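Next, two complexes with chain A in common: one pairs it with chain B, the other with chain C.
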Partner chain A sequence: MNEMNIGRLLRSATTGYVFGCSVPEPEVPHFGMFVKAPAQRGQSEVVGLIYNIAIEDDLFVRQMAATPNLSETYIQDQRANRQVPIEVSVLCVGYRNGGQYAHALPPQPPITLDWINTCADAEVRDFTQRHDYLQLILDAPDAPADELIVAALQRAVESRPPEDRERYRREAGRELAKLLSRDLPRLQRLLKRLAP
Partner chain B sequence: MTDSELDKFGIFKKSDAPRDNSIGIVIGGSLSKGLDVRLDFGDVEHGVPAGKIIEDMAVGKYVVIGGKSKKFFAIVTDISLDSNNPDLPKAPPDPDDTFTADVYGSSIAFGRLQVSPMLLMDEESKEPRPVKTIPAHFSKVYEATPQDVNLVFGQEDASHWHIGSPLDMEGVKVNLDLKRFVERSSGVFGKSGTGKSFITRTILAGIIKAQSAVNLIFDMHNDYGWAVRDEHGREYKGLRQLFTSGVQVITLDPETSRHRGSKVDGTLQIGLDQIEPEDVEMLAGVFGLSDVQVGALYYLRRKLGKQWIAQLLDEHDTAAVDELEEAEKVQKGTLRAIQRKFEMFRPDRMGFIRNGMPPDDMVDYIFNALNRGTNIVLEFGVYGNTLAAYVLVANFLTRRIHAKYVDKKNKAAGQVGEEPKPLVITIEEAHKFLDPDIAQHTIFGNIARELRKYNVTLLIVDQRPSGIDDEVMSQIGTRVTCLLDNEADIKAVFSGVSGAGQLREVLARLDTQQQALILGHAVPMPVVVKTRDYDEKLYEAVVDSVGTSRKHAERKKAIDGEE
Partner chain C sequence: MGLELNKVTASVDALGASAARRITDLNQRLPAAKAMLSAIRVDDELMKKIAAARAHRWAGAIPSSENINAVFPLPPHPARLNVIAADGSQIYPDRHGIALYYLINIGSIVFRHGRDEAPATNSTPQVFFEGDESDYAEEAGPINSEMVNAMRDVRELGELASLAVIETETAPTVTLLDNGLLMYISLREHNRDFGEGIITDYLRHLDTLRTCGAIPVGIVDRPRAANVVRLLNLAKMELSEITSDSLQSTGPFAGITDAMLFAFLKPGERSAMFDNAAPDNDRYEKKKHRIFFFYLNAGRPGKDSILRVEVPEWIATDRARLDVAHAAIVEQCRVSDGFPYTLMRAHELAVVTAGERREFEQMVIGSLMRQGIAPSVSQKAQGKQWTGSGKRRYPR
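On to the complex of A and B.
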């Protein structure tokens, strides 16, 4: 997958941000996707994982929902020209400063209306070479951690050439085992989903 | 910033640190009880599937612990399984779920070693020294390399004799320091059929080759002099064949020796008139003589003179014995019991015993031979099956040879004559000689205890070390122990060895043949070896050094042509 603009930042904090976009494409945005936002006037880039996509209603939608015999054109028009954007919540799992990624919270969050981009395969690969970000996911208070871990790791696996995938899965599994060695049932559930 | 510094902040470049060849780290322990080592997890990517490190371990293997400036050598004494989570045994991965099992095996479940540190080597010291401290927490642990082992056991040379190889290290030589080996009494122990005689023969060949001592070998089962056959019919050379000069075989049973095709250099006969109560006393156990009966022996000798045994056995002229009986100095029952037991001294029952005095004084002959540096194998032939004969002869000769050694040593101390050559006396079934009841006052007990005051030491070969007097056992300098499975025997072998408890498991796990644990005076640290094959290679190694070797080599060269 290549990098692409998928929305603009609505609000942000050190631990995460929310961006808005219009009608979702079938492929983007989706749960567990790696995205990035500029910060510190472009000095750094905050890497995050999408953990929630919320589509809120507005006055028009409510009215239309109650309208009988709604025409397809209206529906399409409402979707394309929404009053309120779709809200996508992102968990910060690291940042890039110069050429290097850090698996830690960013020094500064991105600023409103900054463009949000998806991460290209090469970036995902680079970022997920180490697994320290998994701890940030486990610690996140709002995100569904286990689901997010599975989704993120699947994405990390897919970003790699097929001959590398098995090794990567095993490494990631080992990392999870380290983090969750105290909670075997949970670990076992995760590993089952990660297994090829 | 270096990579590792970056790591601390969770900042990193592409890095894939190569695995070093360490197998684990030290996580606890003590000098007295041994160290706790946590084995590394498996790592398939680097060719180490989960569990391989554990399964490749073995008690008795060597490990090296530590960094660049200080290295500890240790021996593995126990292996166990452990995990990061005490619940793991209750929630093991589904055996069919190989992914999970693999992940567990490389991150939660691990192996543990108990290792016993033995030697320390640091940069200044050339020689490894005994440990007085232990490596710090988290020191890395490595499997010992051939270089490490060579560093500890040194090179084979004139006085270091290759005796075997460490476990899983074929080609690496463990060498016995023969000078130290003969300095104190030594022992070879092990259950029947574990290879005691073979390893003893190997050691003796080394001692003879190195001339670190002369040997007097009481060869109970005809194992040492001439050819021996094993249970598969393979034939092995005896010492007399390996060393064309320098070894003589004296037999008690010329007929059997002849049948076996054994070359003999003399025949030992013992005259009834030579036997003293002290020679018989040691048979108390074998004969079942009571203390009273043993006391009576001395009385009989005093009253009846030199021919006391002959008189006791004489069925026609019973006057002297009858007289004693009438005087009631000795109880009738006692007398009869002694007579009955002495029946076996009749020359027609024991071919090597004769009436009166023997034609040659073999004690002198043997003593002189030993002093010339000639090793003596005393072959028992059929009499080896009669314990009483074996004990009697060994005791008889040893007492007299030892007395001559004491005499010669004392003269040498007074500047008359030269020092006697160090002598090693090899006895089998040693517990019959060193039983706690008699070890206090028998010649063998004395020799073991007096150390090498008179240049005489023992090499005892035994399958029941628990039957040997504790004090004697604690004087044994070097112990070569094949498999033992009796608790009491295992305990006996370790008596007087500090920190030995940790080695028990090692000993109990030896192979049933050709493996031995060697510890003590002649090795820098305890070592488990696969003992050296007793074969042509060994024959050659022996020949190379003896007087005949040069001639042999020249002849071989002449035949083979120039190299």
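On to the complex of A and C.
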């Protein structure tokens, strides 16, 4: 996947941010996707994982949901003109300052209306060479940690050439075994999900 | 102290009881009015009474060629139809504010039935201020809220006209206004020229709508008009009894509205067409835009929604285009439970919220400061800000 703009930042904190986008395309945004936002006036980039995509309702939409034979024009009006922005929540799992990635919370969050971009395959590969970010996912109070780990690791695997994927899976599995050594049932569930 | 709710409890109770008594009273008198609607005969005698009443500026309903108690079922909806709606919102001028200005925001939506695409939506704000050469209407003296309302109404119709010119090229096009089409302006003597200008512009937009082949419709939700009820009362009177004084009330039908009278309409049905005898309509007639009206139940079984629908004469007398308007309104209301969807959306696009109003004021403050002007509100407005931001109340 190449880098692309997928929305603008609505609000942020050190641990995560929320960006808005219009009607989702089939491929973006999706759960577990690596995204990045500029911070510190462009000095750094905050890397995050999408963990929630929320489409809000309102009384108008509720009324329409109960209407039979709704034509496509009404639906398109609600989707394309009214239900924007769709709110996408991101968990911060690291940042890049200069050429180096750090698997830690960023020194400063991105600011309102900054562009949010998807991470290209090469960036995902670079960022996921180490596995320290997994601890940040496990510690996140609001994100569905296990589902997010599986989705993120699958994305990391897909970003690699086929001949390298099995090795990467084994390394990630070993890292998870270290992190979850005291919770074997949970570890077992995760490893099962990661199996090709 | 502000409003001490405990001191109005008795009045609120009395209000509720009064409303209940009024409903009981109206329900007792309504059958007689309905019977009159069925019994009334449109003959020379009635037309003489109407002519006599009009000499006294009577604002009743004049029967059209349709039987006055006729009911018209829902016609089929065209496969392809454009519906355009426009609505306006405003910030009124405030002489206690930081600067004298006002704002009009027009929201519009072009909804293309039969083309599965998102409607085109738009919102056009315009700011007017002292010294602005565009359209401040300074010559008319200090601008007031009624003048702003009139300017907003004209702009709503203007927006519909300019969009209709484009959309009528592709399909039959109904334009919806969230108001009656007959615009009432009651301005004082010194604003007469302003009022003339407004009506001239309004009629010019109706000209455009007629020329391009659009179907303009004004919709009044929960109408309180009693034009047809006035006709019923007039029919009961002797010709010799018709005077300015006797026409002031609706006699035995006092308090009854046309909407109550036509509550027998089933969902989808419309009433007969009537000509509005209001003297203001004469101005429209000169330009061949005399305004007619009918009532329509745009609700569903179990939830009626009686709307008053106003159309110009050139639609009222064109049954094919009238049917298109009828079908379009009912379809629009089906989705939004009794009021046209596109009008709801146009309102949503136009409305200036309290928050937006505050933000706009901040923009004005910034602009004044950049020009070296220290903006300030009047002391009266300042006092309101001090006392209205959050009342302190101590338990006693």
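Note that in this section the second predicted complex is superposed on the first by the 185 of 196 C-alpha atoms of A that agree within 3 Å, B and C clash if a C-alpha of one lies under 4 Å from a C-alpha of the other, contacts with A are read in each partner's own complex, and residues count from 1 in each chain.
Just so we're on the same page, a residue touches a chain if its C-beta (ideal position, glycine included) is under 8 Å from a C-beta of that chain, and two chains touch if they have at least 3 such contacts.
Values in this document were obtained by computation on a predicted structure and should not be read as measured data.
Visitor: Fit or clash for chain B plus chain C once both are placed on chain A?
Guide: Overlaying the two complexes on chain A (C-alpha atoms) leaves chain C and chain B fitting together cleanly.
Visitor: Name the chain, either chain B or chain C, that contacts more residues of chain A.
Guide: Higher number of touched chain A residues: B.
Visitor: Which partner does A:Pro26 reach: the first (chain B), the second (chain C), both, or neither?
Guide: neither
Visitor: Would you check which partner chain A:Arg130 touches, where first means chain B only, second means chain C only, and both and neither mean what they say?
Guide: first
Visitor: Once chain A of both complexes is superposed, is A:Pro141 in touch with chain B (first), chain C (second), both, or neither?
Guide: A:Pro141 contacts neither chain B nor chain C.
Visitor: By the touch definition at the top of the document, which applies to A:Leu191: first (chain B), second (chain C), both, or neither?
Guide: After superposition on chain A, A:Leu191 lies in contact with chain B alone.
Visitor: May I ask you to decide whether A:Gly42 touches chain B, chain C, both, or neither, giving the answer as first, second, both or neither?
Guide: In the superposition, A:Gly42 touches no partner, neither chain B nor chain C.
Visitor: Is A:Gly98 contacted by the first partner chain B, the second partner chain C, both or neither?
Guide: Touch partners of A:Gly98: none, neither chain B nor chain C.
Visitor: So, A:Pro162: does it touch chain B (first), chain C (second), both, or neither?
Guide: It touches nothing on chain B or chain C.
Visitor: Does the superposition put A:Ser181 against chain B (first), chain C (second), both, or neither?
Guide: A:Ser181 contacts chain B only, not chain C.
Visitor: Using only C-alpha atoms, work out how near chain B sits to chain C after the chain A superposition, in angstrom.
Guide: Scanning every C-alpha pair, the shortest chain B to chain C distance is 44 Å.
Visitor: By the touch definition above, which chain A residues appear in both interfaces, chain B in one complex and chain C in the other?
Guide: No residue sits in both footprints.
Visitor: Which positions of chain A touch chain B when the two form their complex?
Guide: Contacts found on chain A: 94, 99-104, 126, 129-130, 132, 167, 169-171, 173-178, 181-182, 184-185, 188, 191-192, 194-196.
Visitor: Which stretch or stretches of chain C touch chain A in the complex?
Guide: So the residues of chain C touching chain A come out as 109, 111-113, 115-119, 121, 334-337, 341, 344-345, 348.
Visitor: What part of chain A is in contact with chain C in the complex they form?
Guide: Contacts found on chain A: 60, 63-64, 67, 70-74, 76-77, 79-82.
Visitor: For chain B, which residues are in contact with chain A within the complex?
Guide: For this pair, the touching residues of chain B are 6, 9-14, 41, 44-45, 84-85, 87-88, 91, 93, 97, 99-100, 102-104, 106-108.
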